[in-house]
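Every chain is named by a letter (A, B, C and D) in the order it is written, and numbering of its residues begins at 1.
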Amino acid sequence: MQITAEQAERVLKASILKAKELGVSVCIAILDSGGHLKAFHRMDGAWLGVIDVALMKAKTSALFEMETQTVDNYSKAGGDAHGLELTNGHLVTFAGGIPFKNVDGHTIGSIGVSGGTSAQDYAVAQSGQSALKG
Amino acid sequence: MQITAEQAERVLKASILKAKELGVSVCIAILDSGGHLKAFHRMDGAWLGVIDVALMKAKTSALFEMETQTVDNYSKAGGDAHGLELTNGHLVTFAGGIPFKNVDGHTIGSIGVSGGTSAQDYAVAQSGQSALKG
Amino acid sequence: MQITAEQAERVLKASILKAKELGVSVCIAILDSGGHLKAFHRMDGAWLGVIDVALMKAKTSALFEMETQTVDNYSKAGGDAHGLELTNGHLVTFAGGIPFKNVDGHTIGSIGVSGGTSAQDYAVAQSGQSALKG
Amino acid sequence: MQITAEQAERVLKASILKAKELGVSVCIAILDSGGHLKAFHRMDGAWLGVIDVALMKAKTSALFEMETQTVDNYSKAGGDAHGLELTNGHLVTFAGGIPFKNVDGHTIGSIGVSGGTSAQDYAVAQSGQSALKG
């Protein structure tokens, strides 16, 4: 089971709405569970540099099936896998990436948001996640 | 001037509609004039391999400000720039990539479509181009 | 649905047996449908250079859901997508890669074999495919 | 002298057995002394992200002929070669990679394991090492 085009559109729409509400310009990347691009949107005014950050957040969450900031527990200095962020062509380990799971708990894709503070990015990603379930 | 988020959404919507009409599952990539990702959509059923082809078609059209199949006139055997397709991290030189120009003739972005025959991909990309102007 | 570890082992065993019967030393790569490595075996005596060829054959078949030599119909000079082999970090378009499909026709993975002639590689890959179904 | 296909299979089998005993789903990569892939196995349920981690652990141990966590003594802040992990297309410096040496002390290959805690990965890699010697 993979995220569908219809689901991805719903997620994008809700995420953009939330970003506008927060007054931030972000990039939003949606991947399938294999880490392959399904949908993407760059809001007007978002830095070019956050295109890659959004993509890498989504990739990190797809490949490790956890939120990006959770990966930091492992990769940080003193963590069990310090330096993990150097693998897989680099990972992003601050908030804004969330894996999407279906009712059976299987990962069907992920979202990565970047452009605001990590708290704002996370809030936008969560809105996308809620839209998927709704 | 760069393609806006609103324009990119309009282009995506028209392209998807055309692809459904043709009965093909495609990936559609929209870039700005700097070759940076603005929007992307992968229809359900599209091969994973065409994600990159759509992105590379759009990149080729953004970087050279011409349709992808036109680049082939230069890069093909006997052409004035044979092997050009090996530059810029590789180009794609068959139909499906179109640059977007504004009324002043300035490039504001590009579209790349892949998943059908090159004629189908081109038709989908042209629908996107028409929606931009409309 | 993805190829399982048990299935991958069965495929590897049958492929190695066939290669020994043919008297060739090959590399055998098995990927899931997302193009991610599931299992790999390099027979003693195989060239180091065919490690990548086997991996790329399997990737080509996973990403385009067709046998590698079929991709050549599109990518060759005069084909509808001439130069396609330059996408996706390069493809391999001679025989030895086969997609694995389940009874519903969905791709669950792929095999890539390299080390002999392309006819030998193809025969080894087919033995793997038969073992999956058996 | 390089690790043989027969040895690699024996190592894989013992490693998988140990991982199952520990109740973890891991990837196991086996390289020769030149850092070239010899054999690989991804257990069902292992994160996609640990494919690369296992490969990089094995690479690190092959290229420096030491266990991955030992490399950290050099690469860590204050170490004699701080930043070493950024070389060779990146290294992994937490436990789970072990070089294989023959009776003469020559490196003949390496193993990299990832998917559990680094202690679990290390235990699995050690089981593989024991099987090689056995």
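In this section, a contact is a pair of C-beta atoms (placed from the backbone, for glycine too) under 8 Å apart; a residue touches a chain by one contact, two chains touch by 3 or more.
Chain by chain, the UniProt names read as follows: A, B, C, D = Heme-binding protein.
The structure displayed is predicted, hence computed values, not measured ones.
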item	value
Interface with more contacting C-beta pairs, comparing C-D to A-C	C-D
Whole-Å separation of chain centres (CA-atom averages), subunit C (Heme-binding protein) against subunit D (Heme-binding protein)	25
Subunit A (Heme-binding protein) and subunit D (Heme-binding protein), separation of their C-alpha mean positions in angstrom	30
Between subunit C (Heme-binding protein) and subunit A (Heme-binding protein), distance of the C-alpha-averaged centres to the nearest whole Å	32
Subunit C (Heme-binding protein) residues counted as touching two or more neighbouring chains	34-36
Pairwise touch network: line, ring, star, complete, or other	other
Interface residues, subunit C (Heme-binding protein) side, partner subunit A (Heme-binding protein) - complex	32-36
Subunit D (Heme-binding protein) residues within the subunit A (Heme-binding protein) interface of the complex	47-49, 52-53, 56, 72, 77, 85-86, 90-94, 117-118
Subunit C (Heme-binding protein)-facing residues of subunit D (Heme-binding protein), complex	4-5, 8-9, 34, 36-44, 48, 51
Residue numbers on subunit A (Heme-binding protein) that touch subunit D (Heme-binding protein), as the complex places them	34-35, 60, 62-65, 77, 80-84, 86-89, 91
